[in-house]
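Presented sequentially are two complexes of chain A, the first with chain B as partner and the second with chain C.
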Partner chain A sequence: MILVVAEQRGGTLNRASWETIAAAQHIPGGVPIVVAVLGGSGGATTAAAQLAAAAVHEVVAVEHPSLEPYTADGFTAALQSLIGQLNPTSVLFPHTYQTRDFVPKLAARLDRALLTDVTGTKPSDDGALVFVRPMFQGKLTADVRPQGPAPHLVTFQIGSYRPDAAARGSSPAPVKTVAATLDGASVRQRPDQPYQEARQAVDLSQAERIVSVGRGIKGQEHLSVAQALADALKAELAASRPICDAGWLPMERQVGSSGQTVAPKLYVALGISGAIQHLVGMKGSNVIVAINKDPDAPIFEVADYGIVGDLFEVVPALVKALNE
Partner chain B sequence: MNIAVCIKQVPTRDWQPRVNDGGTWIRDRDVTFETNEPDAYALEEALRLKEKHGGSVVACSVGPERVAQVLREALARGADRAIHVEHASVEASDAFVIAGALAAAVRDERFDLVLTGLQSDDQGFAQTGVVLAERLGFAHATIIMEVQIESSTVRVKRELEGGWFQWVAMPLPAVLTIQSGINHLRYATLKGIMAAKKKEIRKVAMPAGLAARQHIVRLYAPQKVKRTELITGSPAEAAKTLVTRLRETARVI
Partner chain C sequence: MIADAPNTFSTADLGARTYRFLADVLGQRQTLRERPLPGLAHALVFWGFVAFGLYTTVEYLKGLGIVDLTHTRWFAAYRILLTPFAIGVLVGIVGLALRRAVIRPVGLGQTVSIESLVIAGFIATLMITFLLAWRLDEASLAGQVNWWVHALVILAFLALIPASKHFHLVLSPVTVFLKSPELGNVPNLDFEKEQVGLEAVKDLGSKTVLDAFTCVECGRCQVNCPAWGAGKALNPKTLILQTQDALLARKPDTKLVDLYSDEVLWQCTTCGACENQCPVGIEHLPLIIGARRGLVSNGEAPDYLGGVYNHLERRGNIWGLGSDQRQKFVHASGLETFDPRVHDVLVWLGCAGAFEADFQRSLRALFDILRGRGVKFGVLAKERCTGDSAKRTGNEYLFQELAHQNIEDLRAAGPKTIVASCPHCVKTIGNDYRKFGYEVEIVHSAAFVEALTRGDQSVAGNPRERVTYHDPCYLGRYAGTFDEPRALLTRFGAEVTEPTRNRDNPYCCGAGGGLLFADKDEEPGSRISDVRFRQLQETGAGTIVTACPFCTIMLKGAQSSAAAVGGAGEIQFVDLMTFANGRLSKVG
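And then the complex of A and B:
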């Protein structure tokens, strides 16, 4: 049996949960799929009712007052117990920040393999599953096999499967509610409410065109080069994480897993190497242009048009060509 | 406040990826190495906490002889001493092996806080810090953008997705995985580099019995998901061609 752990907040599932169900359904062999969703009373049940639409064997709502809000200690204890009861062959998670926060602890507690940031699966010659994951910032790809006894834990990179690829069942899957085995006193983390730092003045997700800069811009004083292109294209200016970390552009202009997810008609990446954390935020763009001096930069893997060259030569030429 | 900082040595950012003949690991001899960037931020955060609360900062790394270089850099930036777990075969080591080795090396030192980067730029497991916390029995939190010490408690600002944050408190000792950009990195001063020469790098043997839970069958250049039209020519020619494509083929401008 394959166990998928979905993620909800306030009864609302994230898209990545459906993507992970699609990933589980994609594994050959017709292995039964059970979806678990954790939370306090209410949230988990509401989410479980939605999950029942998926073509899966069963949905389990795991409830406990100490599972709302999320804590690493609480989720680890609850899932350790659930995995002990269900005895799955593999446990799949979306590779979200929440998953990253507790699943390595769960794997260490169970002493079972954990493969992270997986983008796909394929059968090997002997029939066992091989998992595909990026390494070296996406410059290389690895086929990886888990070692040691089951269950194997796997986290799937956001966007590796389409959420609407998750097959729906002809009738709702049975939903079971179980009380988590969990001692609330053992939870050490005491979380406050999540909050947004500042009102997002720029909604990049609504932009039709985006010009985005990365480390290749070299210094804040060179941003005018990118701004000139943005002006010529009537585009918003955005950036990869290191640019915002350095304070060259405000955080609200950051595209990627920790910033905004965008899907404009045109995305122009200037001097962006294309680390996974950036790609997940922009690879849904309609047309992607990459300008980078490194021909091996992973950004070219998602680009429709690429120019290998010095952005300080190419971009002014581009502005000139646009204004002609 | 006694703080351990776990540092990984990774290929430099401009390294051109080359795979070995067996297709199972990178061709090590071509590589120049540097400190994993998030780990550099973890070190900086540890040095700032020490400046505020007193105590010591100990840099730790697992790997072959060459990792002494990143430990020396950490000492030059202000770490008080270093622990080097000597381990030849990093390519066969997953986060369980590295975290197991680090746990054995730091367990007896009774650190209040263990900091490391949220993930490494090489294998990118994003597991080592959290597995280490479990092995040590410490509380933990990940992807941290601010650290406040309040006597026996640490309050941290966790980054969530899409511009959301959350403050979380937990008892010390704790393991925190640090996000890039939490602070501004300092450079080593000449004085620091000189002082580092007198600081101790304690070598520790790899503990026995650590088994990797994953195995790389094959390592290869990524398969393209899109057909990219590479536009060549002088900057002016390439720019003209691109503008034509965007106007007439893609129709996005």
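And then the complex of A and C:
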């Protein structure tokens, strides 16, 4: 039996839980899968009801007041006893910040092997399960076979499986609610409110397409030229430092080492020479299109498509073509 | 307090220390060089004090009834000799008092120090009473009163010294001697001894404690600090005085970040102006970088540095770009891998050379010059950042990792001479790597090419191009290379118009100490680069010549920001190597 530990907060499932279920379903041999989800009163049950849609053997909601909010001591104790009862061959987790926090402790407590950041599984000649994980920042991958007695603990890298790849069952899986075997007094951590990063008014890092303007735009009154292209492409408008310094666009639209770092699918650089401080903020873009009068501008070093020309001629022509 | 502090005293390199002692203490070099007039006034007072030492001793021996030498012939001659000194002291002290009370320069603070005026009064009284003694009969009442006034003022003065900034009379000769001969010397941490940098007042080293009590509050560090000059909160003088206060308050557990504020600690560009201009031997950089180390070890570096550290860890350069970019440049420029049997010098590209378009142009000019002169050169197959940004921002662990890997590669390559166009690389490899036992001659391209082309005919007589030259802090101030770039420029047809703050005391571009990446955090109107760009603009030259990749980035950034609002004028940037190479081909 394979145990998948899903992750929820306040009844909302972490999407990576579905990815881990998909990972478990991909393990050859049709081993039955049990999904466990931990939490306080309500949260775990709500999440378990959603998880029941998956094609799995059973869903277990493990509840205890000391499991919400999350603590490393609480989760370790609850899972240690659950694993003892279910006796699975493997325990799979999504590789979230939460599992990074407590799974090493759990593995040490159980004295079992832990494999982290796994991206896939494959069978070996002798039928034992082999896990694939990246090494040296993804330059190599290693096939890893866990040593020692079962269960082996495995965390799956986020994005290795698609959440919609998790097969849904024809009928809901049975859901069982159990009380965790856990002494609340043994939990030493006293968590604060979860940290919420201050949201930028404009989050360029999430934009799919960006039209970015530099000094070649010459004046604030010409921004409409760039805005027209942005509208035609359904793109966000961004800028390099001098434009924001001059107050032509707000600071939160600045791209570069002194602004936001972006990685859109399409980045159109209008009249940006490409000082390195700008380049490092947008080099991760999928496709870079540069329009600049100066053929020696460094922006052409990183551009996939370059147009040497006056942006006031090129951009209106582009807008016209796009609108047709 | 000094005995309680971790010992950071060093007397290594006695020759350099003795020279500095003679020049700065006896010769009053530092006092004179930036402020010639007040400096001369101070020197007159100082030399007078030295001259009077024996006189005071003899008079007290008499007064205490031990032995009366005042009627010997040599003492009479000595008294005559002292008279011009006394007049000198009197002139000096009156000048200084007027400066403090009437002229009130900004570096001396907002309020007039009453204590200083009292001391000035004491010194003047001493001199007047000495001179009056010529005119008064010693046995007369007036003579007696005069003698007693002189003697009592001396006693009062002596009593005041330890409790005031005039403690520097006693401490500064020692502090000057103990100051590191190397500017910005921040010794490596020893991780085996679990050193993590300075966290609290009790971690301050003995030299820093001595520094705090030596400070004369003259404000040279303050007025030369580019951060202060740009309107930021950092004031190096305040930092030293806060240290003094904390030590006197006997609060060893006060966190340095609470004492100085983290904002201030991260505003330093490590340009070295404060330390270099200090007349009494105070070292600011070990304090600032030490406190940064304490913060970094506790994960309290500013956000923008997180990205830089990540790039350095993962990619070995500050930009976070892949090493294939460097490979492309090496290949396109036709560079060979260094082999000591084939090549004369190793050219160190640096992370800007490997990735930054402007600086690559500069390096290609250097390659042209070297090839044209038959200098055989090669590069390393692989380079990492020297670790300058990590070292100056207090990430010592990361610095040492990068340094050890680079040293290993450099040792394997075995160059005798390295040429680099980045002054930060020159400082880090030349000074910081030496402390790991790696000795090599490293020269900035400005100095190397200047020596290489010294025999060239000067192109004087041709119409000269008016340029201004921005000295990089790590070249002009740290390496003392400020004549060579000018010689190169003049040799190849430039007429250099000097900006304010130049040569060994330039005004920083704002990039050093990791601040290259910080401008997101900078308050508008307080960018160091903007201030420097305006200073260069004010020379009226059409061209700004630079010799450091970071200066170019910062000043060009300032220019484009100024241009967006129409304030940049017609001024272009040329890097020194490109300028020389362009002119070389013409000379041909």
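Here is the rule we go by: the second predicted complex is superposed on the first by the 204 of 324 C-alpha atoms of A that agree within 3 Å, B and C clash if a C-alpha of one lies under 4 Å from a C-alpha of the other, contacts with A are read in each partner's own complex, and residues count from 1 in each chain.
Quick note on the criterion: a contact is a pair of C-beta atoms (placed from the backbone, for glycine too) under 8 Å apart; a residue touches a chain by one contact, two chains touch by 3 or more.
A quick note: this is a predicted structure, and the numbers were derived from the prediction, not measured.
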Message: Going by the contact rule set out at the top, does A:Gly274 touch chain B (first), chain C (second), both, or neither?
response: second
- request: With both structures superposed, pick whichever of chain B and chain C touches the larger number of chain A residues.
  value: B
Task: Pick one for A:Ala303: touches chain B only (first), chain C only (second), both, or neither.
output: first
Message: One more residue to check, A:Val287. First (chain B), second (chain C), both or neither?
response: first
Message: Which partner chains sit in contact with A:Gly259 here, chain B, chain C, both or neither? Use first/second/both/neither.
response: both
Task: Answer with first, second, both or neither: which of chain B and chain C does A:Pro242 touch in the superposed model?
output: both
- prompt: In the superposed arrangement, does A:Ala107 touch chain B (first), chain C (second), both or neither?
  reply: first
Query: What is the contact status of A:Val5 with respect to chain B (first) and chain C (second): first, second, both, or neither?
result: neither
Field: chain B and chain C contact sites that coincide on chain A, given as residue numbers
entry: 137, 215, 241-242, 245-246, 257-259, 261, 276, 298, 301
Message: Help me check something: in the complex, which residues belonging to chain A touch chain B?
response: 71-73, 96-98, 100-102, 104-105, 107-109, 112-117, 124, 130, 134-148, 188-197, 200, 209, 215, 233, 241-242, 244-246, 251-252, 257-261, 265-266, 273, 276, 286-290, 294, 296, 298, 300-310, 313-314, 316-318, 320-322
Task: Using the touch definition up top, name the residues of chain B that touch chain A in the complex.
output: 11, 13-17, 19, 26, 95-96, 99, 118, 121-131, 133-135, 139-143, 158-171, 179-181, 211-232, 235-236, 238-240, 242-243, 245-246, 250, 252-253
- prompt: Which residues of chain A touch chain C in the complex?
  reply: 137, 215, 241-243, 245-246, 248, 254, 257-259, 261, 274-277, 279-280, 283, 298, 301
Task: Going by the contact rule at the top, pick out the chain C residues touching chain A in the complex.
output: 304, 307, 314, 319-321, 352, 355-358, 516-520, 524, 553, 556-557, 560-561, 563-565
